[in-house]
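Below, each structure is written out as structure tokens.
Consider the two complexes below, in which chain A is the common component and chain B and chain C are the respective partners.
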Partner chain A sequence: MKQKTGLGQYIYIVWDYFYSNIVTLVKVASHTFTKADTVEYPEQMPYLAPRFRGRIVLTRDPTGEERCVACNLCASACPTDCISLQKTEDESGRWSAEYFRINFSRCVFCGMCEEACPTYAIQLTQDFELAEYERQNMVYEKQHLLIDGPGKHPDYNFYELSGKAVSGRAKGAGTQEAEPVNLKSLLP
Partner chain B sequence: MSPVMYNLLNVVLILVCVVFGAALLTWLERRLLGIWQDRYGPNRVGPFGTLQIVADMIKLLMKQDWVPPFADRLIFIVAPAFAMFVVVAAFAVIPMAPGVGVVDLNIGLLFFLAMTSLGVYAVMFGAYASDNKYAMLGGLRAAAQMVSYEVFMGLSLMGVVMLAGTFNLRELVLAQADGWFIGPQIVGFFIFFMAGIAESHRTPFDLPEAEHELTAGFHTEYSGMKFAMFFIGEYVSVLMSAAMITVLFFGGWLGPAWFPPLGWFLLKTMALVLLMILIRGSLPRPRYDQLMSFGWKFMLPLALVNLLITGALILI
Partner chain C sequence: MNATIDNLVTIYIDGSAYQVKAGGHLLETCLGLAKDLPYFCWHPALGSVGSCRQCAVQLYQDAEDQRGRMVMACMTPVAEGMRVSLSATMASQFRKQCIEVTMANHPHDCPVCEEGGECHLQDMTLQSGHTQRRHKGHKKTYHNQDLGPCVGHEMNRCISCYRCVRFYQDYAGGDDLVVLGSRENVYFGRHQDGCLTSHFSGNLAEVCPTGVFYDKVVSDSYTRKWDLQSAPSICSHCSLGCNVSVGERQGQVKRVTNRYHSQVNGYFICDKGRYGFAHSNSDQGLYQAQVQPLGDTKKVTCDTLHGLDYVAQIMNELGAENVFGLGSPRASVEENFALQSVVGKANFYAGHNAIQDAIQTQVLHQLTQPDIYTPSLKQIEQADAIVIIGEDLLHTAPRMALSVRQASRNLGFAKAAAIGIPKWQDEPVRIHTQNQLSPIISVTSAATDLDDISSQCVHLAPNDMCDFARALASAVEGQFDGSGLSAKLHEQVQQSLALLAGAKRPLVISGASSQSPELIDLAAQLALALGRQSGSEAWLSYALEAANSMGLGLLNKDPKHVGDLALRVQQQSTPSALIVLQTDLFALSTQAAALCENLRHLVVLDQLPSATSDQADVVIACASSFETEGTYVNNEGRAQRYFSVHDKQSRPDAWRSLTNLAAMVIQAGPCSDAVTQLASCTKFDDLCHLVSQQGGEFAHWCDVAPSADFRIAGMKIPRQTHRASGRTSLYANENVSESKQPEDADSALGFTMEGTPINKPSALIPQVWSPGWNSNEAINKFQQEINGPLKGGEAGLRLLDISPNLPLAAAALIPSITIGAGQILAHTQNHLFASDRASALSAALKQRSTVISARMHPDTAAAMGLVDGAEVCVALAQAQWLLPLTVDASMAVDLLLLPSQYQAPISAGHLPAAVNLSAVTQEVN
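Coming up: the complex of A and B.
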């Protein structure tokens, strides 16, 4: 407040007390006619951004196989250690998870697992309605996490471009792979 | 109907309506504050959320009725009842319409002032009996604030009394038949309005229970129905201030005949309550020393000058 003396200060204080307060009253009262920002949630779904991070799912590749190769990168990236899994290998040489468990009562939906995943297997979805009456029901097993579709990257198939030999198929035989280079050859 | 029955009916109906109205006011205030803050407020329970008060009541009744072991038990229990009692007792003298009103005292205005002055004891009892530092600070503030705002609350009404020449509230209303006192006594109205807000310690004069500094001020230790008594007491005193302003400055039940007198009274009271809620919704809380200096250095001189000028004009 500007320092004045005597009557000037008195008048200034009165002005300060009343004028600004009356302006405030009028402005607040004018909000009677503005629309409320509230989204009445259960009846009306809020807008969710395309990259909203909700319930975690495990996706499948275009051929319908599980994308997860049980590399454990998601579990090690997880800041709350809510992911736990065990690797297993079938006779064709594909790796997959023997069990895959996410404890959603610990998950903070940070999306680090999705960023760490080398095969786009683990993805976060738009679903946030995860309430349960029993705490144990917050622990999702693999059969709860797996979905039927490919999720966000419909064409991606790890085994078609990684160069790993599986299902009796040789290295470089995948649709998106080049033939292996013969390092010992001098031909161009 | 015999006069005794009529009076009894009057008493019971007014008591029920006042307490119920105060409870409904908690809902109304939350709705209006919501609207002014661009949200809805409680709109889930019942039509427009009006049954929210029932839900709140059930919640408060279900709560444990806890008296802290360090509290002064007797005073701790008496204080909320006292808070409720004084405001309801002050309501007794308010004339609502011809034939509607509990008691018609010759010194109605003085009785009203006396009862509101007693209100400070409820706050002080509660604060003292809680034996809690926040309650202590809240009680100190409440005592200082209410005592100093009491001074010019009384003075601001003397102009009205001089104009009407009576302390009887019914005669005060009838004296406004050819012009409400809001006109000649606009300054008195302003001072009384401010003092009324300060007396019911609501924002911006809610320093005794300033949530952000003192958790809940003098009723920090209260819970359940005891808390509800303080809470409803505050809302009854809001209604009381509004009703009193209506009686003293806005001509009480007087109004065009196409609306019943009681309707006019309620309409004017409601408008003033809305104004009080609007003030709560918009103005910030001053610092404590600012509040006191505003009271003593501005309001008190203003009340005295108003009194002086009114007296001079009457003499001329």
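Coming up: the complex of A and C.
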């Protein structure tokens, strides 16, 4: 750009100052006649895209058992480290979470946990209304997270496919599993 | 130097030239050059069998050869001018297909697998490039077995690499884990459900490349490897000082795994080290200081500083000369040193009884002799003839038993080497060797688990053992006339002599559990004689009483033990106080009750309650070895530092309590220099500096491990992994605002995930991890060469090597035990999982401790009118013990073996002794 000098430079600066202010004023004033982007929340609910990610829930498999097997993948995928849990195991060998805690005051709803979850247990819902007066109340435990249904993947049942024997499903009874090998057989 | 250069060859890997050591195979060479090459069946300690076909590489004839042929790297010796390619399409495609076949039957259970996240199979699958299962058929399934409280079994996951049986049978000598079935239906397990009997079974979880064998104790409160806050530590259960990695989460120790040390434990630890950590989490532990003011009948809890203040008042009241300290072979050098400084050298006694003290003195006397060398566990594996006298190694120093087992193969290795078979060719060596083993002579009072590899097993009563050792030593020198020996013993000596005749690198092993200072001396005489015969230095190794027996011995060179203390307190006219460090007086000596009677005050610093802490009027709870830092000196004199794994200590460090005590004492008035110096210590490094000022063996104490000022790129070594999760959530239920990461002023490690995960002295790594290598197999990235020392040098310092002092004084002789009429000599029989309170608190180990019984030879039992299974009453002084009797034809005559049992009426510390034995008659009401 050509550098203005002397008097021309002063005129340019003054002009530039007034021009930008006038443009701004005009633009702001013009918004008086445009439609507002905001909505009258909460009387009027906003549009949420189908894949909107909000409050996290823990789902159950089709048989009603907790889907979460406490594998810890969600916790390790979480960029804000806001998930923690502890594995426990029942007599039949089924893993589940002894406690499952999400600190929603840190959660950024990125959905990495849902992506990491190998059992479709952790899912993000459309609920974003999490505001609290006390930040401490944003710490959700398992009983706050667990819902009664399977959520987005109604038919998936991890233990059907895992090959691990748990209550109600013996070895070899899962999908695509052969009968347990009979070691005493001499047949070819 | 020339010899080293001669051993190097040049090979070309993917076009680049490398100078590598000759004699190895391609796989270990490539891994040693930090290249990634997948493998399953090879293990650095187990050698190559070439069965998994995973390490395929392309080998070219010469520089012109473009096509090449595929070979298995683990089975191909490196040769001069060799040209190989890891990235060649054919080899990499082959590796990918191979793993695809392996994975066809592997279950979809990684999320519920204990190995997930540190799985060699996961790593190798990713490394080979196989990502999608194409096979649409059914997956094979297997029934699992119950393998006991320590090791879990999930056979579906098996990839048939055979590592488990090769470790369990071939390396550790177990016989109850076998491979069953045929063809592709092989099954790795026991003939029937039941606890794995090997004392090294826990290593299966580390050896198995996937999750077939997993650690059940870890699984009980499972935490993924990446979430563990880990610290390098030293096992506190025996005198060998195995390096372990301790993992913690939310204030609980979650697991203990092996930490590689090329000279000490290598790749394996015993089950006591692995599963004996529960004492640290136990709710039975001491967590708060307790004080019982004079005249009160109950102890009240208070904070530690209050308790210490009370102790300082006691010390000022009674006068420094009337306060005694009792150190412990279980406490670190620094803790013992701090106590020694507080009470003064003259008032410091070792937590040993007379026999233990004499043994420790004798051990130091022998190991400081210029002609005697005490080998490390790795060096023990190089011995070609071993004499074990009076030590049931598997129960007192299990990792040493494993080393002895490896040494027994040296004859086979030599035989194979003679026809050009290298050591790593596992199967050919075994076939060529057949059952020939290097001579191992085991002289014990009863059958041991090493008898299966012993060329000669001699079961003798303790006195006969001394005669045997004396006779064998003079026979080796050629001065043996057989006089004064029974014909049988004479024959046994002759047999041993013949076995030892050609030995080039003989080794004598003895130890504290023989409970005979004389035998310690005779073992040294035998080692010297064998050394002279073979023309090499005399190799002698002792298994000692506890983790820091050697450290306490070096600190307390004037032999002073609990018996001396009892006598001194009794003779003293003024009231006295005793500060006991991590010792149970009552398990140590029968004089304990009398000693406690004569004391005005008894102060105990401990982490677990004991009969002594019940008697004490002040109890100061102190941290276990997982919660604090300190240094143990192992049986070969190697000082090794351990570090705290807990960021939130549940109880203060013992050393810090003692420095605080010193500070309180000096406030009250003038006191000794040692107390003043101790009081000025605020950090662990200050204390280490004080220890080093003692000179002698301790002169280089500050070099044992890097100081707290150590930084890499301005950061400490992180105890957490870079992937640790849950930082903003773990404690959010207590307080949603995260607290600051705690700082560690006492070590080179930080309670943080910040820091470089790999570029650090490998000896200080809390956990092995390298990009793409999440399992413990990542250790190859930290070794200078496979099976070699760690990068940056090994941890620890061999004190006996750096200080060639004059030999220390020999111990005074212990009067022999007189056996009255109707009495019998009782000795201890150690049991790995039952003998101490630390392992008694581990539920898994408790289940594995066998049924307790006294043992006796059938002839001796018959002479005393006792039968097998009879209930007997063993009486020693005031103590009586009712237990069943087992007769055992393999053991020595005129001897009663009593199990070493925690909280038993007669503990190991009371033995050997002449005891009264009587059958219990059923009372008729």
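By definition in this document, the second predicted complex is superposed on the first by the 134 of 188 C-alpha atoms of A that agree within 3 Å, B and C clash if a C-alpha of one lies under 4 Å from a C-alpha of the other, contacts with A are read in each partner's own complex, and residues count from 1 in each chain.
FYI, a contact is a pair of C-beta atoms (placed from the backbone, for glycine too) under 8 Å apart; a residue touches a chain by one contact, two chains touch by 3 or more.
The structure displayed is predicted, hence computed values, not measured ones.
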| item | value |
| --- | --- |
| More chain A residues in contact - chain B or chain C | C |
| First, second, both or neither for A:Leu25, with chain B first and chain C second | first |
| Partner chain in contact with A:Val139 - chain B first, chain C second, else both or neither | second |
| Contacts of A:Gly172 with chain B and chain C, given as first, second, both or neither | second |
| First, second, both or neither for A:Arg51, with chain B first and chain C second | neither |
| Residues of chain A at both interfaces, chain B in one complex, chain C in the other | none |
| Chain A contact footprint on chain C (complex, rising order) | 107-112, 116-117, 137-144, 154, 156, 180-183, 185, 187, 219-224, 226-227, 250, 723-730, 732-733, 735-737 |
| Chain B partner contacts - residues on chain A that touch it in the complex | 13-14, 17, 21, 24-25, 27-29, 31-32, 34-38, 40 |
| Complex contact set, residues of chain B against chain A | 34-40, 278-279, 281-283, 294, 298 |
| In the complex with chain C, residue positions of chain A that touch it | 69-73, 75-76, 78, 80-89, 95, 101-103, 105-106, 118-119, 135-136, 138-139, 141, 158, 161-165, 171-172, 176-181, 183, 185-186, 188 |
